[in-house]
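What follows is a short report on a single structure.
In this document, chain identifiers A, B, C, D, E, F, G, H, I, J, K and L correspond to the written order of the chains, with residue numbering beginning at 1 in each.
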C-alpha cells in the first residue's frame, strides 16, 4: 500500500478561521478528513503533518525519504523565501508536489514566486481544498509511471 | 451535459515530435483521445482547438463564452508575453484553468512567469499529459460548486 | 474629402460586454455610429476595422498609407508589447493617434507603458468612448496644419 | 456658467521662446487667448494660472475645489516627480485633465512617466497648443455626464 | 539539390519604402531576385515567404522541417519578444540562421536583444541586403559539415 | 519651558476633508488644539506651521535651530522625494521626529520609502492624529535624556 | 483589564550586551520591568515572550488571538524577510504594533524594509527602549477607539 | 563688462555652520566676498542669489537670460531630482556651469547623480569654495570662445 | 586548551547521501571524526552541532560566546537569507569563519550571495570536507594573533 | 590591392586547445592559413595580430587607420566590458566587423552583450572558424560599396 | 618647485583627429604645450604620460607617489570600468584630479558613471582642453592648503 | 616535486604601504618569503609573479598550464570585471584557487562579486597574508586527490 505525506507550512493550522474570503471556510482538519477518505478509496495511506517551524518541516521532509512514497507540500509563506526547504525537497528521494489553496499568481507581488517549486515535480494552485486532492491524483500518476 | 474546451497554443501541435525529453512522446492527438474518453466517463463533452496564431486563440476564447462551460488552456509560449490572451481570458465568462506539460518554474528564466494566470482560476504544471486530466478535474470541481 | 481609419485591437469587439465598470456600456458599434455621424458633420469619411490578430492590424496599417489621411488607433493589449505594430506605425506615411478608453496609467503596472506611442503623433487616454472623438479632432488639427 | 481653470507648471511661461522645435512658436499668452475664445463659444469661463513654484500649484489646485468645475493641468517637469501635486490632484473635488504639448513618450526616459496622471481623469499629449483645446473638450464631456 | 527557405517577418514587405536611411533602397523583391541568382550559382533552390503574422511564421517554420535543408530568418520586430517563434525555431529540425539588415546593437534599447537567436545556429546583422547572402553562405557551410 | 515645532507639509491643511477613510475626520486645527492642550499639560510650548511649499518648509526647519528644542515633522508627499528637506533636517541642531497619520508601508509603492527619515531621530506612522501625540512624547523622551 | 503581549524576536535576548552603541545598555529584562510598571499604572496586564525561533513567534502570535487585546512586536531581523510572521500578524484578530529600538531607515540597506509592517496597525522606530512604551500608548489608543 | 550670476540652492545659506567636516568653515558670505574680488580682478561683475525655494531658482535662471552672460549654479540637493531646474537651465540662453563644494561621487548613493548637469556646459565638484572660482574661470573661457 | 565549535546548518546532516556529485561521499560524521583528530593534533577541543532549525543555530551561536574561542560555521541554505543568523554572528564575541563544501559562486544565482559573511572573519568555499580543516587553520591563525 | 587586418583578443591564441566542444579543434594558425588563401583568391592581403593585452589591441586598431582598408575583430572576452576598445573602434577610420566563433547569445548571461558592436559595421557570430571568412566577405562588400 | 603629472588614458593620443565635434581640434601635443607654459607661469614643473594600456597607467600612478606632488588624470574610457585604476588612485599618496574634455553626463548612459572619481579629490568635466588648465588650478589650490 | 604559481594582480606590489588598516603591514615580499619557506617544508616549489597588467596576468596563466601543478591567484581589482582572466582561468589545465587578503564581502558593493571565481576550484578570503598559506594547503589537497 502506498503511503503519502501531506505536509503543511505556517499558519495553515488556522484554515477556516483566517481570511475565509481568500482561503475558504474548510478547516485543515476538514481537508485531512476528505483526503483520508479519498486515500482509502484509492488504496493510499495518508499521513499528515503541519508546522509553523521551518526546521520542523525540513525534518519532516528528510524523514519522508524512507517512510513515504511521495509528498504533497503546501509550504505556506515559506514558499517565497525558504531555500532550506528547497534543499530539503531536493534531498528527499520521493516526488514532491507543491500545492496552494489560492492562485498565488493573482496576489501580492511577493507571493508570485516560489523558490521551492523548481525542485518539485510540479505545482497546483488556485483550487481551494481541492488543490490537495488534485495533488494526490498527480502524485499517484507519477508513482504509477515509475 | 457540460461542455469543456481544451485550447492549445503555439507549437503544441508538434507534441511527441518536439523535444521528447522535456515534453514526452504523447502526441496532441493522443492527449485528445485520452481526454475525450475521460470526458465521456464523467459526462462532459470536450471540444478541442489548437493554433499557432495568437489572434485565433483570442477568437476561440471569446467564442467560448456561450458555447462552453469552462476552458482548459495551455497557452504555450504565449504564456510569457501575450497580454491580449490575458484580456481575452479576463473577458470570457466561464472559468479558465491554465495547464502546462512541463514544470515551467524549473526551466529558463523567461518561462517562469505567466502573464495570463492571474486571470485564470488556477494553474497546474509539471505533470505531462496528465496536467490536462487534472485540469479537467479542477474545472469540474469549480463548475460543481457554482 | 478626408478619410480617416479607426483601427481597434484585440478584445475591443467585446466592448459593452466586457468589464463595463472599466470600459462603459457602449458597444464598438455604438462608438462607430457616433464617429460616423461626427465625421459626416466635419466632412470626413471614416473607415473602421477591428481585429484580434496582430498581423491583421499590421496589414491594415500598411494599407492605410495610400487609402487614408490618418489613423485613430486603439491597440488594446498590444499597446504594451507589440513592436511589430510600432514598426508598422512608423512605416505608415500618415499621422497615427493612439487612443485608450481607460486611463491606462491608473491600472496594472504592465498597462502603464506603451511601446507604440513614441511613433505616434500623440496619445489620448481615459475619456471612454469620447477618447475616439477627441482623437478625430486631434487628427483633423494635424491634417489642417500640413 | 461653467468655470474651468487652466493651470501651467514650471517654464511654461517661456513658451514660444524655449526650444521652438519641440514646443512650437505660440506663447502661453497666445494659447490663453485661443482658449478664452473657445470658452466663450462654449459658454465656459476660463481662468488661467502659471507658476514655477510647486507649492503655488498645490495652492491653486486646492482653491479650485470651490471655484472651478474642472482643471486642465500641464504640470511641466513636475509631471515626473511631484507627488505633492499628485496628492493635490487627488484631493481636489473636480475632474483634472493632464495635458502636454509634446508627445512625452517619445522623449528622454525620465519624461516618459507621469506620477500625477493616475489621479487625473485622463491624459492628452503630443498635439501642441491644441492639446489644451482637446483637454477642454474632454473636460466638458466629463462635466456633461455628471 | 539543397533547398533553403528565406523567411521574413513583419513590415519587411515594405523594404525600400520604409526608412531607407536605415534599411536601404532595395525592395524585398530585389533581395529575393539576388538570392535566387546566388542560389542558382551554388546549386541551391531557394523558397521565399514573408508574413506580418506571427502565427503564419510559426506555421512556415514548422513546415520547413521536411521541406527545406535550412532557414534564413529575419524575424523583424518579432526578434525582440516572440517566444512562440523561439520555440518554433527550437522545434524545427534544420539549422536556422538569424539575419538583420541593420546593426540592431546600434539602435533603440529594445532592439538590442533577440529572444530567438539562442535557438539559432548563429546571427548576422548590419550588412544590409548582403546579410542574407552571408546567411546563405553560413548555412551552406553548416550543411556541408553535416 | 521647552518649545516644540509641529511642522506639516503639503495638503495636510486639507485634513478632515481629504480622503477621510484614509486620514480620518479630524482637521489640522483639531490636531493642533489637542496638541496644545497636551503640551500645556506637560509644560511644553508648541508652535505650528504648515506649508505646501517645499522651500517654506526648509526655511522653517532652518529657523527652528535657535527657536525650538525639537521638531515633529509630517513632510506629507515630500517624504518620498525631497532631498532638500533631508538636508535641512540634517542641518537643524535639534532632534526631529518624522510622523505620519497613515501606515505608509501599507500603501502605494512610492509611499513606502522616506528619503528624510535617515536624518531624523525616529519615525512614528499609522496611528492617525495620535501619531503626533506619540511624536511629542518621543521627543520629550529624547530631550530629557540630553 | 486589558492584556497586551510584548513579543521580541531573535537576538533581542542579548540587549544590553550586543552592540550597545546601536541598541543602548538596557537589557530586555530592564525593558520588561519598565513596561510592567507602566502597564500597572495604566491598568494593563502585560505578558512577555522572546524567541530566536521564527516558528515559536508564529505560535505566540496565533495564541494571542484569544489571550491578548493587542501585541507590541519587535521582530528583530525577521522584520526583513519573514513572510510567515507577516501572515501570522495578518491572521491574528487583535491589533499589532511594530516597534524597533534603532531607526532602521538609517542603517544597512537590507534593514530599511519591513515585510511585516503592512499587516500591522503602525510602526514606531528609533527611540530605544522608549519605542516599547510609545508602542503601548499607541496600542491603548487603538483599543480605546474600538 | 561681463556679468555673471552665482546661484545657490537649498541649505547653502547655512555654509560654515552645517556639517563643517564635509563643507568647510567658509560661510556663503565669505565665498561671495572672494568671488566679488576675483570678478573685479578679471573685469566681471558678479551677482549673487540663494534660495531654498525651487521655484525661486527657476525664476532666477529665467531672468538670467537677458541680465547675465553666464551662470555658476550650485543646485544643492535639487541636483538630484529637480527636472524643473533642468528645464530652466535648458531654456536659459547663456552657459551654466554646475559646481559642488564636495565630491558628490564619493558620498551617499542618491548624491552621485545629477539630473541637471546634462543641460549645463560642464561640472566642477570637490574643491570646496574654490569650486566656485574654478567655475568662474571655466565660464570666462566659454565666453571668450564665443 | 582552545575550544572551537563546528556548527552546521540545514540538510548538512544528509551529507554523503544528498547529491554526492556536488557534495562528495563523506558523511557529516566522517568530517567530524577527521576534525576531532586534527583538533587533537593541534591541541584544540572541538564541539559539534547541527540543526535544521534557524532558531537553534541562533541559540548555539549565542551560547558560543562564553563557551568557545571561535566558530566554524556552514549555514547551509540559510547563508542566502537568514539575517537572524547574521545578527547572531555579529553579536557573538569570538571570531566566526564561514565555510562551504561547494564553490557557491559557481552554482545557482541565489547561492552566490551570502548575507552572513560580512559579519564573519572570512570565508572558505569549494574544497569539499577540507573546507572545514582549512577553516580550523584559519581560525587558529586568528586566535594566535590576538 | 586591398589590405585587411584580422585582429584577435585574449585567449584566442589557445584555439584548438581550449574547450574544443565550444570552439572547435581548429587552431588560430589554421584559421589564419585558411584566411590567407581566401584573401589571395580574392585579391586581398591579410594581416594578422593577436594579443591578450587590451592596450595592445587598442594600439593595433589605431594603427590600422592608415595601414588597412578594414578590420575583422574578435575581441574575445573584451567584447563584454572594454569601452576602451569601443572607443578605438569608433576612432579608426575604416570599417570594423565584429566576429565570434560561438553563438554568444546562447551562452552565459554576461556573454550576451557586446559593448563594442554598436561602433562596428555589423556582427557575425556562431559559425566557428567560418565566421572569419564570412566577416571577410562582409567587409569586401562594404569596401566595394564605398 | 612643485611637480605635477598629467596622465592620459586610452585613445587620447588621437585627440584632434578623433570625433572633433565632440573633442575639439586641439591635439594632445597642443594641450601639453599649453599646460607646460601655464606651469612655467605658476612655477610648476609638469610631466606628461599617455597610454592605451591600463597596466601602464597603474604603473605611472604608483610611481607618481614619490615623484610628483599631484596628478591630473583623464582616464578616458577606463573611467567607466577600471577598478584597478581606482585602487591605484586610492594607493597614491598625492591628490589626483579627474578631468574630462566632454561633459560625460550628457553622453551615452555608460559614460555617465565614473568608478574612479570617488577616490579622487574632485572632478572637472565639459570644458574641452581648458578642463586640464582648470584641473591644474584645482590641484594647486589643494597643494597650497596642505 | 610539485610546482605552484602564486600570481598577484594590480596594486598588490604596494602591500604593506597601501591602506595598512585594510591590508596589514606585510609586504608582498614578506608573503613570498613565508610561502617559500612553507613550500620547502611541504616539498613544493613555488614561483611568484605580480603584474598591474591584465594581459600579463592572462599570459602568466596560459603559461602555467605546462609549467605548474596549480595556481594561487589574487586578481586584485580585476576580480570584479576581468572576463579575460575568467577565460584564462577556464583555459588553464591545472586547478586555480582564488585568494583575497580582505573579506571582500564586507567592503564596497562592487567588491562583493567575483567574475572569476566560478572557474576556480574555490575561494579563500579575509585572513590577511594567511589566505595565501591556506590557499596553498587547499591546492595541495586538490592535487593529492587527483
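As a convention for this text, contacts are C-beta pairs under 8 Å (C-beta built on N, C-alpha and C of every residue); 3 or more make two chains touch, one makes a residue touch a chain.
None of the values given here were measured: they were computed from a predicted structure.
**Q** Compute the shortest path length in steps from subunit D to subunit F over the network of touching chains.
**A** Counted as steps through touching chains, the separation is 1.
**Q** Have a look at H-K versus C-E and report the one with more C-beta pairs in contact.
**A** Pair with more contacting C-beta pairs, C-E versus H-K: H-K.
**Q** Could you please state the distance in Å, as a whole number, between where the Cα atoms of subunit E are centred and where those of subunit F are centred?
**A** 63
**Q** Where the centres are mean C-alpha positions, what is the separation of subunit G from subunit L, in Å?
**A** 48
**Q** Which integer distance in Å separates the CA centroid of subunit J from that of subunit L?
**A** Once rounded, the distance between the two centres reads 31 Å.
**Q** So which bits of subunit E are touching at least two other chains?
**A** Answer for subunit E, listing residues that touch two or more other chains: 53-56, 81.
**Q** What are the touching chain pairs in this one?
**A** Listed by label, chains in contact pair as A-B, A-G, A-I, B-C, B-E, C-D, C-E, D-F, D-H, E-J, F-G, F-H, G-I, H-K, I-L, J-K, J-L, K-L.
**Q** For subunit D, which residues are in contact with subunit H within the complex?
**A** Contacts found on subunit D: 9-11, 13-14, 17-19, 51-56, 76-78, 80-81, 110.
**Q** Flag every residue of subunit I that touches subunit L in the complex, lowest number first.
**A** 103, 105-106, 112-114, 117-127, 130-131, 134, 137-138, 141-142
**Q** Considering only the defined contacts, which subunit L positions touch subunit J in the complex?
**A** 53-56, 58-59, 62, 81-84, 86-88, 90-91, 115
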